[in-house]
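Input: a single structure, listed below in structure tokens.
So that you can tell them apart, the chains are marked A, B, C and D in the order they are listed, and the count of residues begins at 1 in each.
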């Protein structure tokens, strides 16, 4: 299946990639997806993931055509 | 001693008096002051009193020249 | 720390804009601003209210609002506070009260603004008289927040 | 119920004034408006911050803010809500976030505005990079409110 993978903020900068379309075996979990896309880097402990712009568990399995985003803890707002 | 007595809001309207300077015996408490100024009307249960613009207990005793105000429960603000 | 009693209508947002532009509180120092605006509704306890008359105790009302501002400033280490309250005749949709506080962090701002409104409603010497279809009457007590 | 992501500076008070003047929420229906504005401070954890870059996830950020707006509206029976968040480069004194809610009574407004800020800070996909004297660094986590 084909997955659109996106990275944000510090993760995007460190990995040097904002988005990449990849082809992975069916039944690839989001955790496994990371290892396939960024084999040189272990999955950070505090990483967050979203599937089609909704928070998702790392153990869940995306569908063909999904957009999967990885990002660090959020730091929006103020005060 | 001379006391400036003031009434506000519903109390002012009902009694038909906003302020009145009275002369009362020394050691007159605020509760007794009411009876001297408004003998025809019992002191309302929920009445509040202020001495020189600060909340005060009805049992306290004012000094010569004090301003004593009586008013109903407050209803300011909104929401 | 500012307290104002106004006998004419006011726009809370224009007032806040002017207040901040005048440099109080100092820019860059505060991270959190919490504002509450209480507005006259056109109903109360399921009855239509056509207008409202607000009476105050000149001198004591300001003193009470200053007293609670000092208490909030000390308790939450506020950088600034502003309380504005209308008196006189009001109509539905008009702002009655504005409370604003500025602090470094949001927890203080949220808690202090709520504290000020509760202290204002429970003890500031202000009284409302409602004009309804069936006549005028003094509001007897405030509802708890 | 409105959510806006802005990539240029905004005046929270002018924005609120325009929003209310445009008739949302309906005048006379609401008695309580609670507003929170988060502003960029010139310090964080005792270090000077010269500027800030705010990144978001276009689409997901808006979706999350709409989701929490719906949750707050249902839970507190709000009459309206408005969330505005800056992205891009900011300097000290500039507003970062505005949250405003309108309700019949103040309890709902106080609670809902605080809820929205906590939900926004803990889960809205937004990230800050601080430019300090000693270089730039991504902020690692938000402090609890």
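Keep in mind that, in the parts below, contacts are C-beta pairs under 8 Å (C-beta built on N, C-alpha and C of every residue); 3 or more make two chains touch, one makes a residue touch a chain.
Bear in mind the structure is a predicted one, so any value in this text is a computation, not a measurement.
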item	value
A-C or A-D - the one linked by more C-beta pairs in contact	A-D
Rounded Å distance between chain B and chain C, as computed from the means of their C-alpha atoms	26
Distance from chain C to chain A - Cα centre to Cα centre, in angstrom	48
Junction residues of chain D - those touching two or more other chains	31-32, 36, 38-41, 105-106, 109, 117, 145
Residues of chain B touching at least two other chains	78-79
Chain pairs in mutual contact under the definition given at the outset	A-C, A-D, B-C, B-D, C-D
Sites on chain A touched by chain C in the complex	78-79
Residue ranges of chain C in contact with chain D within the complex	11, 13-14, 16-17, 20, 27-42, 92-93, 104-107, 109-110, 113-114, 117, 143, 145
Residues of chain B touching chain C in the complex	6, 8-10, 13, 50, 53-55, 69, 71-79
Touching residues on chain C, where the partner in the complex is chain A	31-32, 105-106, 109
Of chain C, residues touching chain B in the complex	36, 38-41, 54-57, 59-61, 63, 85, 95-97, 117, 120-129, 138-142, 145
